[in-house]
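So that you can tell them apart, the chains are marked A, B, C and D in the order they are listed, and the count of residues begins at 1 in each.
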Amino acid sequence: MQERVAIVGVGCTGFRSITPEQSYKEMVYEAAMRAYTDAGVDPRRDVESFVTVAEDFHEGTSIFDEYTPDQIGGALKPVHTITGDGLHGIATAYMLIRTGQFDIVAIEGHSKASNIKTLSEVTAYAQDPVLNRPLKLNSHFIAGLEMNRYLFETGTSHEHCAAVVVKNRYNALNNPFAPYGADLTIEDVLSGSMLSWPLGKRETAEHSDGAILMVLASEDKASYLTDKPIWILGAGWNNDSAALENRDWAHAIYAEEAARMAYRQAGINNPLEAIDIAEVDDTYAYKELQALEALGFCREGEAGILTVEGFTSPDSGLPVNVSGGSLGMGNLLEANGLARAYEIVLQLRGEAGARQVEDVNIGLAQSWRGVPSSSGAVLILAN
Amino acid sequence: MVLLNRDPNSPIIWNGELPITNRYTYGLAGEKFFRTLKDEGRILGTHCPHCERTYVPAAIFCERCLAKLNDWVDVGTTGEVNTFTFLHVNLNGSSLEKPEIIAFVRFGDGGLIHRLGDTNPDQVEIGMMVQAVFKPPSKRIGSILDIDYFKPV
Amino acid sequence: MGMRKVAVIGAGMTKFVRRAQETPKELSWEAAHMALESCEMTMDDIEAVCLGTAPDAFDGVHLNGEYLSDGAGAWRKPYMRSYVGGGTGVFVPIQGWYHIASGLFDVVMVVAEEKMSSYYPHAQAAFLTIFDHTTERPLKPNLLWIFALEMNRYMTTYGISKADIAQVAVQHKRNAADHPCALLGDANITLDDILNSEVLAWPVQRFDVSPVSDGAVAVILAAEHIAKRITDKPVWIEGVGWHLDTAYWTNRDLAYPRYVEYAARMAYDMAGIKEPRKEINIAEPYDPFDYKALHHLEGLQLAERGKAPELYSDGTASRTGNMPVCPSGGLLGVGNPIAAAGLMKIAELFWQLRGEAGARQVPGQPRRGLAQAWGDLMQVGTVVIMGR
Amino acid sequence: MTAKIKEFPGISLNEQDFVDGKILYNFDKLNGLYAWDTGVGIGSYLASLKNGVILGSHCNTCRKVVVPPRTICEWCFRPMDEFVPLKDTGIVNTFSLCYVTWDVKRIIDPEIPAVIDIDGASPMHGIMHMLGEVDPKEVKIGMRVQAVWKPAKKRQGSINDILYFKPIKEE
């Protein structure tokens, strides 16, 4: 068994609403080359196993894992696919290295959301085919139900949610990879059209295309490959009820449980004290607030107030989604968590450019699999 | 990142589809739940004595302990609005002319997702009691749509 | 520090049927529930859950892993679904293995489910969507093509006859007659029945093919200290291996499955096996089509290239032979609910190595067995070696 | 264990059970429409097909010519060095005589799918396509074939711009 595992290389294409000049394979190759160059490894020689995250209906191909190896250097090597978020993928690579059987493992995730012409209908096909799908409802209704109950139980206001949009899209202006940067006011956000009241369209992340690949290594290899290893202190993942009828509508239980698992590994008792920067799921604005509470950064009902007060802005108490989050970078389907973790890696290395936060030693990334799932993951990284 | 130049006459996209057509059985629990809904206009749950939870709609297993559930209970047709939303978009993402009121109506420890009717948006609130409005027996087919909608009590 | 040892300590499965009444969740639950009961454990003992199911097209649910999670026992537990096409059934126990070998968990439930009948009217049509969307799907390919193309190449390269291959279907379907979950067991089937069956896609005939099926299988894996406490007959996972070849399947020789060889070598290395033909007592190679069992026995180094039919003609592969092959009845006999079929092979080895396989029991107290699956575009090999 | 267990779960239905209304069920159909970006490699392949040319690509490091063309060599992971127009002739690597369509309809005259190793590409490098203008009984592995193209005006930049491959008559 190998105890310690580090991220030793990262590569990313940047994100845009469309990417018509390249196929998904060419896009993934671009991220892969950057990551392997960053890590100083040759995938054909050095990388011993590969993990990818993908969903068939997002790709338009059944058993999509078929098409994953060539563009990541994985042909005729141990490659497998997880139908999870990118953070599930990182957790998988982490486990593979910890077995002692592999020293260097790569993890890839991407989005070609722009290629799905009927994304909302594809998403609706994830609803229970007997209980829910006959109602023929756009899946945003699930977020609407969840947000309403969350606001009701916690006393969070609509303005609090809008403040998340203002912050994250403003942060995105400092991120050259983020296509949705904007300088908005709370009124701008609230005056947009409704998706599923109380959820507004401007509180929902647009989709983007892009790819991310990361290289993980065991402690021995990591110290040989890089002088800036980013250590995995903890990885947690969890599922709440799959059935809409059985879940707790107000709370992100999956995030609570995933955080519990990750904190236990990392030996963290007081997250707010221990963690210097966080990148959390904000595919819907209220999700960021719900996540901050589930992750134990504050008590229930406080996240919105802290956001309005600026506590989660860059260079404040706990900078959250300095990258711009999904609201600023776009919803990347299975790659969302990788984008969150990518920012944490840059911050911990001190390579985040104009948006670099000072004195960061421990960072947290969190993700959610989107409606109608109740599945998410948490990763804790340190420099 | 590549050395090759794209043929300037290349088509940018290739259009296609996933031709997926499915037939779903209702399963062990669904069979009894929906037969009872259709034939008797009753909503059934199942109870797990070990976890002290009542699943609605009825399930054949407890998701917590995986025990088989044999204890069927009638939970009535009136439940509490646990949460609701006004949905402004269609299945395909286009705007609805008039938003639909969608609610999660609590029965036992579970409940049903459905539409609300016979009410206007201003009157809907969390905690209100609503009742299932069934289609006439001759029009029921054994479906969640055998309930037309829920209306305030 | 050495590697953590991982054992299989319980198993359960549903019957494999053409059309199940159960929903996919319910099938998963039935197998999971039975696996728990088999080792007298409860959900409180299960620390994480791994799920295998192949394309979402069959169950007919997008994000199918999320949909199936409650049936698989994943409520408020760490849960992931993995897939490598048809190889998934033997991959998902590997996924369970690395969960435990990583030191993060001690007890993991592994579930594999497939309900092919939900793809209606014809499950086979779903396979159109596994081909490249731009360069191949416009030709309207079907699943039979890839098998027929590979089978023809294999037969022609090594001069193997249809009769050589049909022995496999005969033996597996006869073996399956003893499996209580089997869909197509037939104790009296003959070589002529296979050879005279309807031609679907020459050289593939109706009885060369395993049946479209619904079903689920579950096994419980545990770390050494737990396994020894729960049972005096743990079956250890001694080696695992998997390899995925390039997606450009028309750019490689289909006569020999080198990805299976690579996967097998990885597993043999881990298990410390130097001479597989002497050290493997039972083989459960993947047999969705009869020639595939032969193809895989060669890739697994259990037969010389082109010589696997001899294992069947000289009796080596029979249930009482020196190296029984598919004593379960395999996919050809028990059925082929894709991911579940692969995990069925793991359950079979578990029962065989514990001497609990009933009428199917291989004599001589076998010590070590191998299960293998294959899938995608003739591309992936997954191998698990289990031993007492 | 299986010896001890008498009953395995799993309820088997007949197609007639659905017809007779003995069980409840419903239908659904995915409206899954996609517009996949073709990119540099496959975009150029399709453009070439429209001009009646099968395009490959060449890796200097591995000294291989592959088809369909890609921009990355999966074996050395370096960018491919150049596009290479290939011939429209080749050798049957393997084939089948298929009496069932993709959606499981029976047909009398078989479709003949084949892998055809394309002349000009490295050995064992081919594409999947159909054979035509040939008696099914005459098809052999190793047989030489040539593409039959749609008329230039009707080509769309698709793999279907080749109708099928037919045997080359040996002079």
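What we mean here is this: contacts are C-beta pairs under 8 Å (C-beta built on N, C-alpha and C of every residue); 3 or more make two chains touch, one makes a residue touch a chain.
Remember, predicted model here, so these are calculated numbers, not experimental data.
The chains that touch both chain A and chain B are C, D. For chain D, the chain whose average C-alpha position is most distant is B. If you average the CA atoms of chain C and of chain D, the two centres end up 26 Å from each other. Distance between chain A and chain C, defined via averaged C-alpha coordinates, is recorded as 34 Å. Spacing of chain A relative to chain D, judged by their CA centroids, is 36 angstrom.
Residue positions 19-23, 25, 57, 60, 62, 70, 75, 120-121, 125-129, 133-134, 246, 248 of chain C each touch two or more of the other chains. Counting partners per residue, chain B has 1-2, 6, 12-14, 16-28, 30-31, 34, 63, 92, 143 as the residues that reach two or more other chains.
Shared interface positions of chain A, defined as residues touching 2 or more other chains, are 20-21, 26, 29, 57, 60-62, 69-70, 75, 115, 118, 121-122, 125, 129-130, 134, 241-243, 246. Chain-to-chain contact here is organised exhaustively, every possible pair of chains being in touch. Against chain C, in their complex, chain A makes its touches with residues 1-3, 55-57, 60-63, 65-70, 74-84, 88, 91-92, 94-96, 98-101, 122-123, 125-126, 128-130, 236-243, 246, 253, 257-258, 261, 265, 369, 372-375.
Considering their complex, residues 1-4, 23, 25, 54-57, 60-70, 74-86, 91, 95, 98-99, 101-104, 126-127, 129-130, 132-133, 241-248, 258-259, 262-263, 266, 270, 375-377, 379-380 of chain C touch chain A. On chain D, the positions that touch chain B within their shared complex are 11, 13, 18, 23-44, 46-48, 50, 57, 69, 71-72, 79-83, 157. By the touch rule above, chain D contacts chain C in their complex via residues 1-5, 8-15, 23, 27-28, 30, 34, 36, 38, 42, 45-46, 66-68, 70, 74, 93-104, 110, 113-115, 124-130, 141, 158-160. Listed in rising order, the residues of chain C touching chain B in the complex are 19-23, 25-26, 29, 32-33, 36, 42-43, 57, 60, 70-71, 73, 75, 117-121, 125-126, 128-129, 133-134, 137.
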